[in-house]
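Letters A, B, C and D mark the chains as written, and numbering starts fresh at 1 in each.
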């Protein structure tokens, strides 16, 4: 993208609440932003370090619950609760990262699913802490000094800042020796070790940063919807994140964001375009078509068609064993 | 003690069905490297085909199950040829995503066709339980267990005694070498997917009468099937069989003696422990098919 | 600065791959390990570089034990290897492969990267200079932006060599660097290996091509059935009766 | 740009075009409906929708409200709270509905509630049972379904006749099941019954043998069962297989005894069911004529009979809203909210009238629905034996 394009995009983002007056659209944009953070976070682990985590909703949910519980039960204000949400999610990421050292590919996938399953069941059954399946209503809106970020426009800026921060963190990591070490592990792990990449350190780092970012997304979600229930651990949330990352273009910086916008808008567009019987059927079918025609994701496809390179950039197969 | 025996019998029957689900998936997962999230949808398909055959067409129970097997195999084959074959050189998460799409589309298609109301599938067996001392079990469940064992045994024969089975095993060991030896990888993949889907479909047709048929019934089935695959090791039929039984019994005992709210957690925790302690599954000394 | 292997033994489930192997690699030398297929050459490499744990024995480098260390830690001590099968980062360009290979030449940690310290910019630009230098050295300048997996086989082996050099080895273990190459390419590789040695890097080589081995080695070690059966200069080895017997027993053509 | 890119561009364009479809014209009265139409509880959500459509068609056949037709804008919450909140947002902001009926499950309702407060739009809650919904102090909430406590109180008069001495519970592990166990547990303990096992099952679980084996060991006489009809069927079948031999009482009104007879057969024999509608003998309902008409209309449309025990709530919710609009005289959210306090009508269930519930100054409305007990006897739904004997 040219500097001009980037500037226009930034200007559009910053002024968005002024020209997108309809709060419903703004709601969709905010959800897209929250999922953008989540997709960026998953992409770090899946797209760069090459570890497919299907338990990512666990980090998201841990962030959401931590933030909600601290503000509701301990009456913390939003910002320290947010920090705690990030920290606790990061700690969970550390555990998963340590597991990833022993398990790769399909086995890692399953252990992450199981991890999320256990956390989810804890959230349902540990009534004293989590209020069980009833969930936690009335999560307060965040404050910034004297201002309450209760309005959609204000929350939009909070989410925008979070997306920008997450994007910046990803970008700096990816374009540093750390990001190169992630990619080295994805591409060829024995070779990466032979040139001195410490597998333990970098896999755990990738998992921790990724989980922390998902925790950020979770906290933002909790304070936006003002309600947290065990459904945040639903497998569909993880599936949505994976769809966003892979369809948008894994291992690219812009891919997850494009995916997040598209796949937040798509169900809402289908809500408007089709009656409810057809919405999910159409969603599934469109997903199949999209993967079928753009197997490597939207962003790599666009980059390839603009740069004139052949499409055959073989993303390495994520090693199964 | 009486309670323990009943728990063990319950677990055995439940585990047999888990095993049947796991076998189909372990072949697809192990041999094709496809994380098949639509596996449970073939299970659902089997239940609905059996329902349609038994109530609408009015055929007998065994014919209904055969119809489900044929439908599962046909749709599985179609799915492989049209969707997975063109993507064979893509990464594992691309094919996974396509199967996620199939999962969503199939489930909502079923909702559209059959409605959300659960269907009860009729069966010709008596409902009065068989009683052996302190243990009670429905005749239908015994039949299901017997048929499941039969299907597992035929799968074993197919893998070990037929030319297709040899080709499948060779492909699992080393796809490139198998191709050099004249194995048609495309045909093996299509056959594997059709076979795995047919097994899932058969499981649905068998369990439909025990439980009920409804559109989202496949979600839990998929999850259990994945657990079984991991417990048993990729591509390991024996592992999937034993893993299924173990998972069934463990869940049953967990729910019986720990807490029913954490019933599914028992399965998850076992998986995590197995993976951490024995990363290639309980039974895989080295990975193999068969 | 000496790499010393003593009484190294490796067995896999009852099969003994190495059975009490001892040798030392003189600093600054080119030492080759030869032997028939299955003699244990690659196993020795794997044990030295931490890819497998020896059943018994010690490996010392520069007076300190390497045994029990992870491959990345061994690489950090300057002992770097290449692989028998082509091993590159397939979807990265040649330049990015080498840049990734320079992992140990940079030091930035997580926080440094996040706040983007000023010295980081300098460090990155010096890395890019090194990339050009290394790519130029192996003669892949014309390929710098091409994806590694699309290169012809011989050039992929050069990428692999470049990657290993980027790790700034003091001892470089090359596992059949000439395998699958044309004669002309082998000459180039031999030349490169000599040049690397000129820069003070000790070379330990596994190679089947006897012409290449005899042409560049200072010392040759012969393994058979997991044991060292001979050690000496190329001249001595070519005349050694045990070696001749071992090779006649398992005659082999060009690798 | 290859062929694939063109497909992509087309997809994006379709999505964008869909987003810019202009809102419908102002003429009809719009009522939003949020129900789980797909996902695990899709059956229930769809029955409610069918009931709501009957109410709509009846109102429109009578000429609408003040000459304006009623239009239902139906959204699927996919049994997911996030979707419920999104659907509420969409209905209120995009479609400008002044009033909503929804959102079936309590967690879905709770997730949608902040939106009601944010935009000031009332919602009639037709199914959710969690006490906290009306206790939170959301003045835009009007509930016509009974919270579990109210349901338990409704059963209190029959406890002695049922002969409950030792009771066990098996419930779905959701707010509803948990709430029912605590409400019925309290009520039964107060009546002097001993409480044995409290067991839970996952919403999607199909094999409840472990729980039943455990319950069997407690030696109680009655099992209270709270879950959707599919799971009740499975539990009953499995209880029969295990020779559990308990009186079974289902709570929550979703049990659809007709479906149980059809699907569980002999296993359902003798069980008691708390329902809020008795379509088997509509004449016995508070407004027998209305109930009969509803049952007939339902049958005429070819909807399954077993859906009636859910479907009537859709009718009552929409009827309540229509009445409020009529009282308000306009379709403005705040006016409808005020009017809801004044409505008094007969629904299929019985009289609907809201009383204040929750913290002072921010009360929600709670109607007090009629509660009935039926029994499956000789393969038919009947009034319970203890009532019939009288």
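The rule is short, and it goes like this: a contact is a pair of C-beta atoms (placed from the backbone, for glycine too) under 8 Å apart; a residue touches a chain by one contact, two chains touch by 3 or more.
Since we're looking at a predicted model, the values are computed, not measured.
Student: Compared with chain D, which chain's mean CA position is the farthest off?
Tutor: It is C.
Student: If you average the CA atoms of chain B and of chain C, how far apart do the two points sit, in angstrom?
Tutor: Using C-alpha averages as centres, the distance is 47 Å.
Student: Using mean CA coordinates as chain centres, what's the gap between chain A and chain C in Å?
Tutor: 41
Student: Quick one: chain A and chain B, Cα centre-to-centre, how many Å?
Tutor: 31
Student: So how far apart, in whole Å, are chain C and chain D when each is placed at the average of its C-alpha atoms?
Tutor: Each chain's C-alpha centroid was found; their separation is 71 Å.
Student: In chain B, which residues are in touch with two or more of the other chains?
Tutor: 108, 111, 219, 261, 264
Student: Residues touching two or more other chains, restricted to chain D: which are they?
Tutor: In chain D, the residues touching two or more other chains are 37-38, 173, 200.
Student: Considering only which chains touch which, how would you classify the arrangement: line, ring, star, complete or other?
Tutor: Basically it's none of the tidy shapes, so other.
Student: So, with touch as defined above, which chain pairs make the list?
Tutor: Chain pairs that touch: A-B, A-C, A-D, B-D.
Student: Residue numbers of chain C touching chain A in their complex, please.
Tutor: Residues 49-51, 70-73, 75-76, 80-83, 87-92, 96, 99-104, 106, 108, 110, 113-114, 116, 120, 124, 147, 149, 163-164, 166-167.
Student: Could you please specify the touching residues of chain A with respect to chain B in the complex?
Tutor: Checking each residue of chain A against chain B gives 46, 52, 99, 102-103, 105-107, 109-111, 113-115, 117-118, 121-122, 124-125, 235, 239, 242-243, 246-247, 250, 277-278, 280-281, 283-288, 290-292, 295-296, 314-318, 320-321.
Student: Give the list of chain D residues in touch with chain A in this complex.
Tutor: Within the complex, chain D contacts chain A at residues 1-5, 7-8, 11-12, 14-16, 18-19, 21, 37-38, 74-76, 78, 80-82, 85-87, 89-90, 92-94, 106-107, 110-111, 113-114, 130, 132, 136, 173-175, 177-179, 200.
Student: Which residues of chain A touch chain C in the complex?
Tutor: 169, 172-173, 176-178, 180-181, 183-184, 187-188, 190-200, 205, 209, 313-316
Student: For chain B, which residues count as touching chain A in their complex?
Tutor: Residue positions touching the partner: 29, 33, 35, 37, 83, 86-87, 89-94, 96-98, 100-109, 111-112, 219, 223, 226-227, 229-230, 234, 259, 261-262, 264-265, 267-269, 271-272, 275-276, 279-280, 287.
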